[in-house]
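Take a look at the following structure, please.
Going in written order, the chains are labelled A, B, C and D, and every chain counts its residues from 1.
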Amino acid sequence: MGFPENFSLKSIELNEKRVIRDAIHDYIHVDHLIIWRLINSQEMQRLRRIKQLGGTYQVFQSAEHSRFVHSLGVYQVVRRMLETECLSNALNDYDKLCVMCAGLLHDIGHGPFSHSFEGVFGGNHEDMTVKMILEDSEVHHILSSFYEKLPQDVASIIQHTHPHHILIQMVSSQLDADRMDYLLRDSYMSGTTYGHFDMSRILRTMRIRDGKIVYKESGVQAIENYILARYHMYWQVYYHPTARSYEHLLQCIFQRVKDLYREGYDFQTQLDYLIPMLENRVQVQDFVDLDEAVVLYYFKEFRHEKDFILSDLASRFLNRHLFKYMQLKNLDDLKRIKDIAKDKGYHPDYYIVSDNQKQIPYLHYGESGELSEIEILDSEGSLSPLPMKSEIVSAILNSKRFKSDQKVFFPKEIKDELSIF
Amino acid sequence: MGFPENFSLKSIELNEKRVIRDAIHDYIHVDHLIIWRLINSQEMQRLRRIKQLGGTYQVFQSAEHSRFVHSLGVYQVVRRMLETECLSNALNDYDKLCVMCAGLLHDIGHGPFSHSFEGVFGGNHEDMTVKMILEDSEVHHILSSFYEKLPQDVASIIQHTHPHHILIQMVSSQLDADRMDYLLRDSYMSGTTYGHFDMSRILRTMRIRDGKIVYKESGVQAIENYILARYHMYWQVYYHPTARSYEHLLQCIFQRVKDLYREGYDFQTQLDYLIPMLENRVQVQDFVDLDEAVVLYYFKEFRHEKDFILSDLASRFLNRHLFKYMQLKNLDDLKRIKDIAKDKGYHPDYYIVSDNQKQIPYLHYGESGELSEIEILDSEGSLSPLPMKSEIVSAILNSKRFKSDQKVFFPKEIKDELSIF
Amino acid sequence: MGFPENFSLKSIELNEKRVIRDAIHDYIHVDHLIIWRLINSQEMQRLRRIKQLGGTYQVFQSAEHSRFVHSLGVYQVVRRMLETECLSNALNDYDKLCVMCAGLLHDIGHGPFSHSFEGVFGGNHEDMTVKMILEDSEVHHILSSFYEKLPQDVASIIQHTHPHHILIQMVSSQLDADRMDYLLRDSYMSGTTYGHFDMSRILRTMRIRDGKIVYKESGVQAIENYILARYHMYWQVYYHPTARSYEHLLQCIFQRVKDLYREGYDFQTQLDYLIPMLENRVQVQDFVDLDEAVVLYYFKEFRHEKDFILSDLASRFLNRHLFKYMQLKNLDDLKRIKDIAKDKGYHPDYYIVSDNQKQIPYLHYGESGELSEIEILDSEGSLSPLPMKSEIVSAILNSKRFKSDQKVFFPKEIKDELSIF
Amino acid sequence: MGFPENFSLKSIELNEKRVIRDAIHDYIHVDHLIIWRLINSQEMQRLRRIKQLGGTYQVFQSAEHSRFVHSLGVYQVVRRMLETECLSNALNDYDKLCVMCAGLLHDIGHGPFSHSFEGVFGGNHEDMTVKMILEDSEVHHILSSFYEKLPQDVASIIQHTHPHHILIQMVSSQLDADRMDYLLRDSYMSGTTYGHFDMSRILRTMRIRDGKIVYKESGVQAIENYILARYHMYWQVYYHPTARSYEHLLQCIFQRVKDLYREGYDFQTQLDYLIPMLENRVQVQDFVDLDEAVVLYYFKEFRHEKDFILSDLASRFLNRHLFKYMQLKNLDDLKRIKDIAKDKGYHPDYYIVSDNQKQIPYLHYGESGELSEIEILDSEGSLSPLPMKSEIVSAILNSKRFKSDQKVFFPKEIKDELSIF
């Protein structure tokens, strides 16, 4: 038989199509049973219990949304991309199904309070997402019962190894469904205006050339707006020092737990759900059980542990006694600050944290920077990289200075002692 | 000394006023240290871990906001009311402080998954709010350290016993800060258009007559819109059958826990945080420890209990296998449905639930209906109840029929057996 | 040949589809050359010089939009209706083309300051629209050069004589593209919240039964919201007394011109563009030349006429010295007010106007009420009229009282004399 | 007597304050009779008949708003600035009144289709605004009857000669009430997202230092967003080639009228309202009579002039047969294009136009560039120019390339002949 070549999405359409009301996209349309089943899988439902913005909602209080609604949004942006003339023609129905699934599932491997959690326990949410799709999970069974190669094909989009480059671009690239949804959603939820950009126009100027998604020159200003939106959201929202303070406190708690466990400390708290992480033998099913409800429950319990550092940090977290912060001028200062903390009885490994945020608005995507630039198609049919066509982006790239921000975070109690810096 | 008569809000203003970005009100302004300290109290921070809409976000997925941001919003609407010329003149500064505190704190007594929780464990969130303000809590200490009678004065607004009727109207009446914030917020977050109304105009038409807040006739249409917004939000959002299904499932779980505990069942799960509720000896501090993170953790644990009913219900909840529902035509049917469930092995006390939602868009406020109507001030200075001035409201009141909706909820597994009804 | 039965819209698609940015619908899509040519015809371009809201923008100052953008909007709503599954299947491509043209052209017969103009010079904008489509006009030539019967088929939709009832319903009925666009647009432009309703949901619940458009029961609340939006926009915006005052002043000017012309008065102003109206021999081409720029130019000129009434009224209009107004309690008062005006030197025929606005939110559509009700399809497949399914609409219909508002308008100069009423 | 030093705005407050509903600012508040009288003056009412965006609404069809509503908006932004703590304290009540008047009146000197009109007839709308305030006009009388020096004080703000620098900055500077209103309004009306920025935050970060308005560092990103909004609105909206085409056509018509008049051509059209402009002896009162209704009426009449060029251009304008355009590579091409036009019978002076739009997003304000930069106040109290504090603005300034766009416009009829370029 001709599957997947002759597969037709029409053949698996729901009789009664479903819609989910959404604040960003108005409606999220579910036309196919497999998508509906994936949405209702335990791996997807777990994302309801993981916040999209980690600590940021300590600053932008109304931004309390979960990774679950973001994932629905990414799926919906992918769906809208597929409705454009160029992508509708460029892809066969099986590829369309694969990329809708990849958009929906791309975040299932996130841990609770994702960045702090990964910072301590290692691992990487993309690898975990792939593992969950390929190994024993409800999501895996839904996909493989539909077509045995489907888990692998969906996973390879997320891994950037799928032969069809367009599918990868749709889900993760400089200008992808993931970023489009999160900028729009995070800005709507936080009540800022920084994340607005004209998604409709960007989608309307998509074209396919040389097997890649490129953009017509008439879309350059919408793309500039998108890049600036990203830049401003980073500084105004994601890298807000109070949000960083919250992440650091989380990370100190996780680190203390890890260190105590390694030292054989006798926890009063039943750590069942965390033990696979602590023993570095986590399986998909263990991971599915880990969500922010569990972690918050543990934090409540930690308040009663005899280890002072752990109980103190947990109380600070639950009662929002976040670390204070100040600009860090040089690394010598950091050493002196740690000494002061120690003198005052605060273990510097868990009470003094420094970071250095640097945000380059464009070009270096991801850690490895392997992804190519946004390319622009001009009226004569030639392609150029975006900075050649955008004064704004070019100006930014040629600037010597990029905004960076080095800060040190410390307990409020030693604020006075640090006023000399 | 002249306190509270000569108390001036100016005297306690923060040097550096604070603002909190908010999706609904743009900015929430915090001008006084006592408000900032209340916001950061553990009782208020706990509300971050309690969702505003209980089960409704199972239907309106993007409505994931907490009671914490709603409480900030109510405070901000109270603040805006106080800026109107009429209220600014009618109240002294101490009363203004009291009502700002009452607006902020009015929801601290809500339990996790509030309605289902109260349904099983009894108690009432207003009573608990009052208890928390008057008894040993962080909030109580912040208030009483400011002025010893402040806790009582704030509580009496929430209890509807404060001598100054206006303060009560501002926080709980047919047209109060609480409702205004939640209609706007719930509709924004859920992405529906139903909850929109023109709050600015309503505030602009407020006047004081006979010691009460009344509204100029030119505000009638804005108020009609508000009442219809409420009506439509109820039917479209709050009473959506899927949301009710979710609430019923919660209530069945709580009920099973309560019944098992009473029977002396040996729980594997450490129920420490719930035991005060189960033994009906809950203190303020016990209550503060109860939030949705704890309850969700318990549900995760319940999956492994040997009691089949409890483990089954908990799994249904976490994996979103909600009860199905159908119209219930009469109570005889209900009995027959219960019998069928029993035959199929589903204990009807925990698997069959019926309810009857009735929404009357106006007039009967709260359970006891003690609150008076919205009154309208015409250009000649006379007052009339709203229905005399509003065709729409009057028409609704004179209608014989009010929309009601009687449904029965049951496990999906017996759907076929019930198709005869 | 098989035209129009085998006509395919695909065959006339533009190579490069056009989009027009629009504040209400985001983009208005033009896919076919004939639509683009109609938009650029002189009859359509003339609508740029005729305001949608007549005098209303004297009250809602920012609502300065023209009938041209509204017409584009109606076309776009028709286009969206045609994209719904039910209408997409129910109509052939030729009918689709006809109804898109009818939506776009439905307002071309409006005169400058339409209602006042018609009030004095007679005629009816629907008849003129039909005449312009059928007789010698650019629009007629574009349509007939495409297909000779097209003008007739488009006109018959506007005349309500087309055999296909659905097409008529789409363009003019209780719930049509015309009303949907104007409620959304007028409310957006005026900055009120009254006209919001959930058009997406209404479109999603459309179905075809017995050759008519009906609505699924799940759409009832969205339709209630639409009907209330209409009701509130009428009272809050369209029937605002200042807007009525402006319309009356306009009508008095037109009436004075008409009476003077009939009496043989020697106008200084060159009235060329108005003469066909005054002599009741207006042809399509004369009408096309009449727009609000011409009328405003004449008003400027009238300021210098020797006839005092005409020059005075024109100055009042241009300098916004509108008539004042008060409630009119009975018709005897009207007579006495006219006598007072006369005594003070104001000709009552041109300086005293009374009106009685009555708005019934539903059921009586148009003057003749020939149109049927909105019908609701329930889950068992039966149809009921909307009031059977809507408490709100039913309550309104059964109410004895409907809001009406009888006012008299008069020059500011005699305000004191009228204070006795 | 103490006027103006001891003048109090409170003393002239309206008993019944007025509000005007507005799409951008929700409500525009009128608290003082003098403002209400200015709004109702003939000079302000005339602005209702002059569109804000000139030809731009040929592209952004829904952007049909007038300079009148924009002027109300500027007044309202000035009013909001005055409510900020820093400006409220820095200015006395008389200065506050002056700057509110200046904001409201700053545009009254605009001619119909302002830029094309000035291009041909000379003059400058700022000079005319000042003239109208100082000389015999209704506005002048309202101001001077209030206080004889008021017209001069208001005018000197608009002329940039007022001793109080802050007042000038509020109304015209890199970041003023004028630009803030028009970016927000034009973007709302045109339905683009480009003009959004966070005005509330910018206002909140205003401070006064050294007698100037400066901005706290925490406002830098909001200001960056504002500058980019300006940049994008210019390219996406204001400099759109179709809008420029429309402006050029207007300018050619005005030029032809001027040349014909100079040559003694015998106009059929009664040009009364234009003659003062043509004879370069325009008085304030002549100017007040000139609006877009008059100009459009003349264009209608011009269609019947025997001069072919004039009648042809006027018809093109009214029926929207705009000039086509293409990139112009060098000035030699321009000469050759003019020759071709001439050969084909199109007088190159009226049928071939070239322009070169260059938009520098920051720094060079106004023609003379006399205005200083936006200054930023850091946490240590030092001031720096914006580019020192903004990576984005700095990068743009240091870029060698600025976007420029040289185009030539020509009649559609010779498009084929020009395809060789």
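Convention: contacts are C-beta pairs under 8 Å (C-beta built on N, C-alpha and C of every residue); 3 or more make two chains touch, one makes a residue touch a chain.
What you see is a predicted model, and the numbers here were worked out from it, not measured in a lab.
**Student:** Any chance you could check whether B-C or A-B wins on number of contacting C-beta pairs?
**Tutor:** Of B-C and A-B, it is A-B that has more C-beta pairs in contact.
**Student:** Farthest from subunit B by Cα centre, which chain is it? Let me know.
**Tutor:** D
**Student:** Just curious, how far off is subunit D from subunit B if you go by their C-alpha centres, in Å?
**Tutor:** 50
**Student:** If you average the CA atoms of subunit A and of subunit B, how many Å lie between those two points?
**Tutor:** Distance between chain centres, rounded to whole Å: 32 Å.
**Student:** Taking each chain's centre as its mean C-alpha position, how far apart are subunit B and subunit C in Å?
**Tutor:** Here subunit B and subunit C have centroids separated by 44 Å.
**Student:** Note the residues in subunit C that touch 2 or more other chains, in rising order.
**Tutor:** 26, 192
**Student:** Which of the residues in subunit B come into contact with subunit D in the complex?
**Tutor:** Touch list, subunit B to subunit D: 19, 26-27, 200, 204.
**Student:** Touching subunit D in the complex: which residues of subunit C?
**Tutor:** 20-24, 26, 40, 42, 45, 48-49, 57, 59-66, 68-69, 72, 188-192, 270, 273, 289, 291-294, 296-297, 300, 318-320
**Student:** Within the complex, which stretch of subunit B touches subunit C?
**Tutor:** Against subunit C, subunit B makes touches at 192-194, 196-198, 221, 224-225, 228, 231-232, 235-236, 361, 391-392, 394-396, 398-399, 401-403.
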